[in-house]
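Once you scroll down, you'll see the structures, which are given as structure tokens.
Both complexes shown next keep chain A, but they swap its partner, so chain B is in the first and chain C is in the second.
Now for the complex of A and B:
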């Protein structure tokens, strides 16, 4: 009887164990043959296909074909862009501040009005008014474009189920392809100039709108849709009179996300240069190591992001229609203020209220780094030499007399493996097969280094994980996708990217998981962490680079920190959310069974939260890949660097190929984690 | 009584390739049970199988069954909210399933009305705009349509709440809006899909009574879906009982209670207080000689429950009179006991 009952469990264990043993066997085999069969560890150049070249040539041909049309579009777009630019720069700052304050009042009452007022006042005082208006002008033109495209695509996908699959797949890819990779082909099409930033941001900002429109329409109650049908509405009447209005809240969320994406992309597109906008200002001052100024310009961006985010988020919150008179009053006050100060106010570019602050920041950062330079270097070098570097190139190469005080010898390798094997076997005998195999595989990774991992080992490992997570279909997909990277000659760079983002993800997983746990058990902790998380998610990617640069200069460690700062947020949020949403009846049942607080956490809340936590990890991985490319600006190696280089050389082939490789890595990681998450959900019967 | 809505051999099968599979099996001429089991074996879901009903003009026809029995799918097939896989739906000589999209829209505007279990109110519209929506889609001007629906809003007892939004209403009020909206188009066939199931018992009874008085006034043909046997018995002229996609019995409330065709229907009728649905005519004995003269006034159309209240203390046989006051039978206390206890 008990044998039969146990079968499914042992069967499942066997699946994981079997896969793990295969991976381990391949790993050991690769290590043993490392010397005699060199192509096992390094894919020979002769076996690669010139994919980069082909893509470059093919795309170049297509792009050249449609270039005249696109140049015309570009020419057309210059009118609204110049118009918006002229308009925003000609409106006196005080009046614009009044308008935004009034708008804030209408959207969210006094708090929002105060946010708008103080935010824009800060921008004016910083002296970056004109640069900010250049940025805003781009957003102003790109957002309506993105909204229209997003709305159209969303409706189309909703109306035609056959289109929906295509749209969803495209949106998935667009979300994983790094932002910089968009820019290179656009450069070729539209030439250098702000229109590229405009179009890139419109393309980048349309998908969130489309997704939310589709989601909103799908979520309209079935009976509401049926009631529209039974009332005798034509299809068009149903859509425009009932379904779209009923989906308003979700569509407003889409507008918010669209705005934020557009702003983020406009700022990223500043690397192309040529528009004298605020992103360019950050880049410029960062390159000149004027961190105080970069910090100030970065703050201006943050202020914009916060004001735009909070105001557009207020759109999605239902509220009573507000009295318009205070808004009119606020506006009138600003006009009066403008008239009174007419002639006596300096030009917007000449404000410099915070010049002292910038200098002081420079000064104190300088003082701080001077005073604590040794300590900062110790942190940086410690992390690099004892953590990141061994992970990247393995103990056998990273352990040098210069850093570790001794050289790594083959005998040490042998000892290392012997200890790992003994530990693994010991754990295996206690019945925790998965842990044992993980230990053994980790030993291989640490000894060899992620960047030097033999490709058959990695392909087998990913394939096996996919098989355990979901099945053969996923295995096939993952292996084929990774093999594409292998034969296109981008493998080495991909491994460098994998190593850095992997290290950041692990750090985020541990740190974010602990913070999430802390926020789940302490209300007070969440009260502190929540606004921090909100803020980190609002800030455009670019800005994360400024503080890490200030303290740790250019290099991999700075990039590592920037990635963590950005990617840790979902891990914290999802962990906490998963832990605090345990159904009350489960908690009551556990309490009634006499569980202590810690037992409750480990035995009930954590298992229940696992699928949610895995989704958080999934988001963290995607965030890390997105930031990895931006971090290439401050010196990382790998695919991000290639994409960035391709942009500088307008090399479409390299840009797209490296972007695609990056997307593949993100996609594979995404599918693996999703597979495990849905397995967990199914196991919990959710 | 002429028929207002007729369905013949109505099938609704879900799943990929349902139509082809059903057509193939029907051509083979097998019994519908066998067709259904073949379809199920192929992974398809036969939600409505070979359903034929005949609803008379002005009749209140109730379709009853447990959840998953196919009753909601049935009404959605008739209104073509879900496209049926096979069969006919005849309304005034016209097969709805052959009607074009435009014709269907036209019919929904003028002849069909529907009320939903969870109300299906448009969240962004006020009460009056919700109710007037069927008129709006016909292109009627705002003032005119508001004028026109005021009377209906009054009839369902929502006068004064015209400018409220659905979120500001209670469940009972929401369903009043749903009822008013379905009536705004002057419908001839009124379909109600478990309209009172989402309401609490007190409100449910109140709305049932109001519903009956509206029906008294309008005399429309009604298709009413419910899973509640008591509701079905209270409202229906006739009841169709569905199980696993099939109609297993059609009959008047009394027929359903007294002569269930199978165990399934009997189970339904089990908890029904039979005294309320059985009349003296069904339990009395024929006269055999002496006619008792004293005792309470009993008539053939009285329910057992009412009669019991009148003669609970009597140990003697009592006379039962027909509508004209003529004595036509006898009842004795043990007849009551037997009738009420027989299937209980």
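Now for the complex of A and C:
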């Protein structure tokens, strides 16, 4: 190692080549020794530490210690929650619709008023009004809680830069460790009922707020800060009277993201139970595999998300004082409507305007499966035989007479490596060293399979990537974190998870990138894609699983598709956003020098958008790992399954360890991408 | 529907150890757990209505089946009336051991678990329902993940792996794939019925899908105790588990403080049992005909007072 460190490093290319060669050497060595040294491919059980046991015992002790305090917190939180619940349920539906419509008018004129009116009318018509109000009550309490937490964390990280690294890592953990992993301890600490769901949703929703507060405060211009210092207030006055208001726009983005995250988590409250909310309906229908009905219940959550999102966005954009009289008029109309229909309107639970539609949707899923059974099977088998299986267990095990029509022999392995080596050398000679080494490494991965990769090879590869992306500090972090998974005995399961999310991320990257590009060049494409993206992000993920299962049955291919459905969204959004926000002066300069449309895209807009696209890729990675737990509901093995096993066995240690391993994988992938992104930014001079 | 309910009139077994018990804190609601499936809703609502008839306040609280026992030990939930031994969380045993939860005895719902298939599959594997038929037609059940073996859809991993144990015990060339969730099991049944494709699945009754998808059980050698301990028992002399599932016990559990706080309720729920011939048609009335649990149960209660009333009276008088 020290040998490598002492070598003079000139430029990035050189660095990449060097790192690549080391990885390749380790890979070849592992392949050669694989047969004679078994511990290279499988970490021996004797070398693992009983980490899950220790975590379980240690946590049990801590949890029991702080339990009384937490129970008190949970008791306190019950008051606002029950209050909001009571208030929302005692307001007659028609009047609430009137209030939201009037609010819509004040915030954004007729368009917003229409959105609020139609949205809530849909909720009433679905027959889930009471359940929705329970859900809303939860969101009303969890969001302020998350906002306060986020604001506090953001300010803390800003005021004390030395804790920033720790805070960032904490936020990542809050976002990536799946709630199911710590559900058992959460129940022990906070008792039973909606308050636990409220806390889980606040934990998940606080990080976006914290990140945006920090970003906003850091971007406050130096002159503004100086002016605040000159005026001679205390530090607290400077912060609250000058700097925070100056960061308002960015903080509003945080509030919006916080709301979305809280809404996407309401399903957890249902998994725990304790009150009758919309998530419970989704769970019940999901259990019966009724897609239409689950979709309808899920859409109610989407409608709330869209209404709240658009209204809070309107709040963030501008504050043009609007005439209040139309709003009052709208409200008055709703009161009149309520009075007129008093007694004649059916109870909220009896509305069922969309039952027929839901049934038809459900039926059409069945009909489609019946009509296209053979074709669907062919698609699935093709993807499994030629894509997923070789990636997981390698060509040497995936190529069988049943799948490819012939058996893979050692001679074929040799040929495969020989061709890859020849190609690699040829590319190397053209001067593209990095590409050449990548080809050679990929050949090893494809022949061996991700799940069977020798661990020293993988550790070296990640370490080398980290070194190229950022430096020794990142290498150390990544290697230590991955080694933790190794010695805690979760490596095998972690590799299965890595393979599945990895495959999904690659597919999302390509497909999402292309869709984003399409949305950037065509306004119409984005008009279609945007609501689809909104829906995919906020509808409870369980809902996707039913049609996927109907079409492709239990197994990895279904899980793969379900992960893509969720994780592709950020890739589309960020790619489009990056491409459409190219500064006009750059475009003008390119036009002046005679660039055609596609040249402009390739030479100007794409390079400029690269950092944003990479951020999208980073979000896609986090989403893909988050989805692993849900994918376990359709029978994938790996870390997601361990988390459910832990729930069934009430094994707190296993749940936390598996959750932590998931967070580690996501964290490492995230830091690598961020490293490359900041290099790209530096190269562009941003 | 009425006819169906009438035909369901039968045995609510009455093992009433008759002794008058105090009502206890009648002003405070007894919270009964409502879990995620319809049969449980029926069992719970019948039990709850019996408590109401005795003069109690009852609150039905939704609760996740896998993680409700901590709440029960804390006294936030007071009873769960349909717990399956086949997929109960180990947390239950832990809480019973810690003394926060007590068992209320069997519900006596006669459940059956087994290896099953939708009826149309019989044509794809001649000889079914005899288990020996599966030896020769495993290839028909093969899928991309299990090739060259057949594919058996097993319970979600957190319920255990009974299907996989059978395949090993009987040396059948099937690879068990965990389903991940009940919804996934149902989707498999539904897709197989729609596509007329082969499917072998681990399943149980009472369940509404048994009739909805015409599910049949494979005949396995009887699941006697010896089969699970003695390898030499059964068709495969070298392995245990070479037989049917061990009978599933369905029982009731309660908060440990219940006996003291609501003595009569404790006795009613302890003596409460439900026959599968009652639960199954009510399940159909809800899941297939679209009735609500409250209405369906209320109708059954009013027409079958003779079945449940004696249990309540025995506790009160």
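Here, the second predicted complex is superposed on the first by the 520 of 686 C-alpha atoms of A that agree within 3 Å, B and C clash if a C-alpha of one lies under 4 Å from a C-alpha of the other, contacts with A are read in each partner's own complex, and residues count from 1 in each chain.
Please note the rule applied: a residue touches a chain if its C-beta (ideal position, glycine included) is under 8 Å from a C-beta of that chain, and two chains touch if they have at least 3 such contacts.
It should be emphasised that the depicted structure is a prediction, and the values quoted were computed from it without experimental measurement.
Peer 1: State whether A:77 touches chain B only (first), chain C only (second), both chains, or neither.
Peer 2: A:77: touches no partner chain.
Peer 1: Give one of first, second, both or neither to describe whether A:94 is in contact with chain B, with chain C, with both, or with none.
Peer 2: neither
Peer 1: What is the contact status of A:287 with respect to chain B (first) and chain C (second): first, second, both, or neither?
Peer 2: It touches chain C, and chain B stays clear.
Peer 1: Going by the contact rule set out at the top, does A:227 touch chain B (first), chain C (second), both, or neither?
Peer 2: A:227 contacts chain B only, not chain C.
Peer 1: Of the two partner chains, chain B (first) and chain C (second), which one does A:494 touch, if any: first, second, both, or neither?
Peer 2: Touch partners of A:494: none, neither chain B nor chain C.
Peer 1: In the overlaid three-chain picture, which partner chain does A:241 touch, first (chain B) or second (chain C), both, or neither?
Peer 2: In the superposition, A:241 contacts chain B only.
Peer 1: May I ask you to decide whether A:634 touches chain B, chain C, both, or neither, giving the answer as first, second, both or neither?
Peer 2: In the superposed model, A:634 contacts chain C only, not chain B.
Peer 1: In this superposition, which partner touches a larger number of chain A residues, chain B or chain C?
Peer 2: Chain A has more residues touched by C than by the other partner.
Peer 1: What residues on chain A does chain C touch that chain B touches too?
Peer 2: On chain A, the chain B and chain C contacts do not overlap at all.
Peer 1: Going by the contact rule set out above, which residues of chain A touch chain C in the complex?
Peer 2: 183-184, 187-188, 191-193, 270-276, 280, 283-284, 286-289, 366-367, 369-370, 373, 377, 380-381, 384-385, 389, 400, 402-403, 542, 545-546, 549-551, 553-557, 632-637, 641, 644-645, 647-651
Peer 1: Which residues of chain B touch chain A in the complex?
Peer 2: 76, 79, 81, 105-106, 108-110, 112-114, 116-124, 133-134, 136-138, 178, 181-182, 185
Peer 1: Which residues, counting only chain A, touch chain B once they are in their complex?
Peer 2: Within the complex, chain A touches chain B at residues 221, 223-224, 226-234, 237, 241-242, 245-246, 248.
Peer 1: State the interface residues of chain C toward chain A in the complex, per the touch definition above.
Peer 2: Its residues touching chain A are 33-34, 36-37, 61-64, 66-71, 74, 76-77, 87, 89-91, 94, 142-145, 147-148, 153, 156-159, 177-184, 186-188, 190-191, 194-197, 208, 287.
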